[in-house]
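In what comes next, chain A is part of two complexes: it sits with chain B in the first one and with chain C in the second one.
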Partner chain A sequence: MLGNIPQHHCEPKVEEVFGVAVNTPQRRRWSQRTEQTIIGYLCLLPTFAYAAVFLVFPVIFSLVLSFRRWPMFGPKKFVGWENYIRIFQDDLFWLGLKNAGRYTIAFVPLSIITSLFVALLLNTKIRGINFYRTGYFIPTITSAVAVAVVWTFLFDTNYGLVNDWLTRLGFERVGWLSDPKVAMWSIVFFSIWRGLGYNVVIYLAALQGVPVQLYEAAKIDGAGWWAQFRYITLPMVSPTTFFMFIMGIIGSIQVFEQIFIMTGGGPMRSTYVVFMYMYDYAFRYNEMGYAAAVGYIMAVLIFILTLINMKVTGKSVHYDQA
Partner chain B sequence: MRKNSVAVRKVVGKLVTHLILMIGLVIMIIPFLWMVTTSLKEIWEVFTPQMQWLPETPIWQNYVDAWNYAPFGRYYLNTAFVSISVVVLQLTICSLAAFALSRLEFPGRDIIFYGILGTMMLPGTIMLVPSYLVLHWLGWIDTYWALIIPAVFNAFGIFLLRQFFMTIPKDLDDAAIIDGCSRFGVLWRMIIPLSKPALAAIGLMTFMGQWNSFMWPLIVTNSENMRTITVGISMFKDQFSNMWTLMMAASTTATIPLLILFFFSQRFFIEGITLTGMKG
Partner chain C sequence: MRKLSKTAVFVLVLTLVMGSISGLAAAQTKTITLYHAFTSNTLLALRNLINDFQKENPNIKVKAEYVGDALIQKLQAAVAAGNPPDISWLHSGEHAEFARGGAIYKIQDFMEGPNGLTQEEIDDFFPIMKSYMEYNYDGQWWGLPVNATTMTFVYNKDMIRAAGIDPDNLNIDTWEDFAKVTSQISNPAKGEWGMFIPVFSGGMSSYFDWFFRPFIWAAGGKYVNDDLTTVAFDSPEAKKAVQFFYDLMHEYQGGTISPGAQAFEMGKVAFTLEGPWSIPGFNRLRFDWGAALYPLGPSGERFQPSAGEPVVIFKDAKNPDEAWEFIKFWIRPDNMAKWAITSGYLPTRRSVLEDPLYKTEVEKTPGLEIFVQGLEYGFESETTPAYNRVVDIYANAVELIMNQKIGIDEGLEEAAAEANAAIAQYWLDNPEEYKDLMERLPNRNK
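And then the complex of A and B:
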């Protein structure tokens, strides 16, 4: 029984008592360490295998691919910078980038403001608060595809519920998804609607972490609700805002699913985004090398944007959690 | 007098809060109600200028029809099988990795840990094409392997579990080992049972992500038999673009399992999001 006691427990005591490591069973200590090493690497084996096949190899191979003409079937060959040059000369690529940019600029700030606003309301002590919280959360857990189909129906120009209500109120019908000027806004609205519950939960957690004493002190000093919001709440949740800002931009540049379902990039390519461009080249035209090059360009763009964010926006983040 | 006006302002404030929240709630919930009622309408009731909320008589046949037009039963089974497999495999892989990274001491451990964290920075745009090619070479396109295996790794899950495991006192390990427990026994009999809340939160988020995942199944499946429910709905929409009643029936069936799951495990969902939201 006693022989099983792990050595690292006994060892310090032995040294304390005798001043030197007397009678330390070197062999046992060594085997302890070897055992941990073997078991440790064994436990990490699935992770390593996955990382090698699905993370490390793809990253490197993608770069190789981007300098080649690589149809799924047929001859493949090295073409140098040709893919990149073709991409930068393609108006459709720039249109995709522009549309993704439009989406990002509209979605990220609106989504953050709406989430914070709703979270503030849901952070009050009123009756039925759990009921509200559950309700606001529901769109987030449902399948984006299913609810995108539902919203396509709601946004239908002739038979959609939204236009039905508008006409009852005496307004003109709007081509929510069929008018090139409006379609992107409808997509943005949908994305906010779907993501709201998730963001609200995160903001609620942040709001509940703000020490109550700060508000009490501010009240004594005569601060109104706006001053409290501006000088306490906003700075205290700024790490969360910053997190959402960065993640929002990264996600928005790659927006795809809701657009694929709701408009397919139309009408008149007004919602055609850059991820769709990559998808089309990879899985419709089977130009894997070209698509890989688009992927790399997008990744570099995301990386640069994130760096700028860290530098510029990161400064105004208040990390001192009282 | 002053006391009164403060009280009045409080009541008014609460009423306004209720009002705004109610309007918001309507926007959040109405699409689902409209989805369900439309799924029970006759098709002409959809294409009428005088829209009604409720169908004259509920047409349950829509559900039967939708399931007959496309093999939604099969989609369902595929989605459930893939989602559950991914959750089980992912939790296993994450637990093993987190165990090694939190309880054992061996050379290179911390470098490996930071390496795993670093993979979270890899942008999906780079991975899409080469991952597809890897699956193609493995001959996995249009098989369950392609749907399951690429999703079994979760760097953030490893990170969360490692943090959670570290809160369990290490003395417990030693005690267990003295009592003749093996290293894996420590993980399986002690750490896993103690980490149930964390595992549940991660598992639920993964399940939800898998059930709802769309782009990957869209890319790696070709045949009808392998489609998941999201891909099925998308294809259904392309084929029957104006059959709103059937489409709403299909959407309802895709949505309900998650809603049920959510109502039974709301706490873990919220925990899961709060955990993943702290990524920054």
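And then the complex of A and C:
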């Protein structure tokens, strides 16, 4: 059936793709379409293999794991829902979830506001704009572990640069990473700083996609700076904001690296998030099955959160293009 | 012509004889493989050791392979494939798993064999070393310790002098004496403290456990009960250890739990806990330093943290006898002296201290002698089921107590309940290990 449809309108020929004729014997063994399909899949094969080994297999295997007791050494056995039941009964899991929630509630809005603000600044025509753009992007492409270590030094209560400046200005020292009331805020600050480059680039792209005519028309109608921002910029970048909101929540609930390096979950478990809990069970308590179950609970939770986001927040997003 | 042929025959015969001799020698040269994870100074020490060994034993070639962090995984794979090295170095306690799996020789059989060690030589090891070489409690040597390490107090003599105390006549024999001295040194207004109390939780809680557990023993307490099903850190004796540090911090104002990075090096705390690995770095200190043993506890006894790292011989080793020969060479006092000096580890045998080379080293390195003495007070740590879980729970409780978020009694009792539940779960999950341990327990120290 399909073979009868002229294809060169919708799909490039193999020759066009590869620049040379690929395997064109006198009598074709397969129809042209079959051949294209085979070559297409062959080209995809490495990626499929990668996805199968590093994505699909772990996803399925950890589901199997989550119903088992699976120590690094020693006997492994099927335990049904026991891992899940134990997790829900563990106060530490709920504490981890609560802390991840605290982080998310603080990080996501602050991160979006900061990046939009910086993107607006970088969208103006000032001298040396490329210097600033590069500057904001550097933290994002530097190893998270390296910058986290640097910030650990900066945040040191007694000898850190941050407190050094504060005391010079006449303020009290702050236990940035050693005071349980402050530590999570320091982590949030670090994460915003580190993620800024990436988010700003996305916002910049969105801002530059807003048609200039809209602003020109608004100016003629007498709209001021705020009105332009409120009624043109904000709605026009709302798909981006929505994207960052969803991705921000998904990322924040899984926050781990910076906490692992900077506070190790302390002081007094004030930054002990749910992924620290999962890490501890997997690599320190040697209970792989239990940790896999934590992972699955988190996957389901994130899925539900995202669905709610789509339904509730998605309504205020404008997808209309000018 | 005849003369020539005679010479030719002679040369021919000579060549044949030489050839067979060298062939014989080649056949007698055996190669032993050694896995390790040594770097920098320790690696240098290993190279020197192997050179010295081969001078004495030209027929045994030692091939050292750096395996690094993945040592255990590599060894497991090699054992499973039936192709392990002859010898491997291991971290403290890691041999138990290989012993349980039947992968290593009980080295005691070599020690008692024809080419073994005398009873005098065996008794020469610091007593604590033996307990690290046992496979749980069976009282037998499964590996031979080549490295020892400990932790003890180091102090800043200048800070102590500034507080009006003679640092060379310190009275820190008991807990109370120690608290008083730290109190006298502290000057919170200037950010100067008598002691850094390293209360770490989370990923560092095993470090906290290592230095802190001896204080519980010194108070007459235990960390885990003998039947290994419940913790004992909530007993009245064990509580005294926490009470001591609580008082030191809050009553005496003698210490802090968060002095900041490098506080000792920068002269902000007078006492801190260090291992021998820090000694080389102390050359750069801008003040005189000294070392002191842990004070005597309320029980009148002194205990120090300690550990011994073994080398083991694998069952599938190609040349187990030659492997033993090398280990025997390694632990010989003169060789161990050189090994310890270069690597920075402590020797595992007392007689190394009598070695002239090591004596010189002790004389020119302040504090080293105290570290070695500390090994005499090493004590066998209780096997702790669900180890990381339990020490996390305990460290978290102590952290809360030191920060005055919860009382000592309440904090430790809650932690004990949580730890006991974790242990119960652990034994439920690992019944075979429990059975195995309980069978060995009565054999202890036989």
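One rule holds in what follows: the second predicted complex is superposed on the first by the 283 of 322 C-alpha atoms of A that agree within 3 Å, B and C clash if a C-alpha of one lies under 4 Å from a C-alpha of the other, contacts with A are read in each partner's own complex, and residues count from 1 in each chain.
Assume a contact is a pair of C-beta atoms (placed from the backbone, for glycine too) under 8 Å apart; a residue touches a chain by one contact, two chains touch by 3 or more.
As the structure is a computational prediction, the values presented were derived from the model and not from experiment.
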Partner chain in contact with A:G175 - chain B first, chain C second, else both or neither: second
Chain B versus chain C as contact partner of A:F153, first or second or both or neither: both
First (chain B), second (chain C), both or neither touched by A:I202: first
First (chain B), second (chain C), both or neither touched by A:R69: second
More chain A residues in contact [chain B versus chain C]: B
Which of chain B and chain C A:A183 touches, first, second, both or neither: neither
Touched partner set for A:R269, first chain B, second chain C, both or neither: second
First (chain B), second (chain C), both or neither touched by A:D280: second
Residues on chain A lying within both footprints (that of chain B and that of chain C): 153, 156, 159, 260
Chain A - residues contacting chain C, complex: 69, 71, 73-75, 86, 153, 156-159, 175, 178, 180, 260, 263-269, 272, 276, 280, 284-285
Residue ranges of chain C in contact with chain A within the complex: 97, 191, 201-204, 258-263, 266, 268, 386, 388-389, 392, 396, 399-400, 403, 405, 425, 429-430, 432-433
Touch list for chain B against partner chain A, complex: 14, 17-18, 20-21, 24-25, 27-32, 34-35, 38, 46-47, 51, 92-93, 96-97, 99-101, 104-107, 109, 112, 115-116, 119, 122-134, 136, 149-150, 152-153, 158, 174, 177-178, 180, 183-184, 208, 211-212, 214-215, 219, 229-230, 233-234, 237, 244, 247-248, 250-251, 254-255, 258-259, 262, 266, 269-270, 273-274, 277-280
Sites on chain A touched by chain B in the complex: 1, 4-6, 9, 33, 35-37, 39-41, 43-44, 46-47, 50-51, 53-55, 57-59, 61-62, 65, 72, 118, 121-122, 124, 126, 132, 134-139, 141-147, 149-154, 156, 159, 161, 164, 193, 196-198, 201-202, 205, 239-240, 242-243, 246-247, 250, 254, 256-257, 260-261, 275, 278, 282-283, 288, 291-292, 294-296, 298-299, 302-303
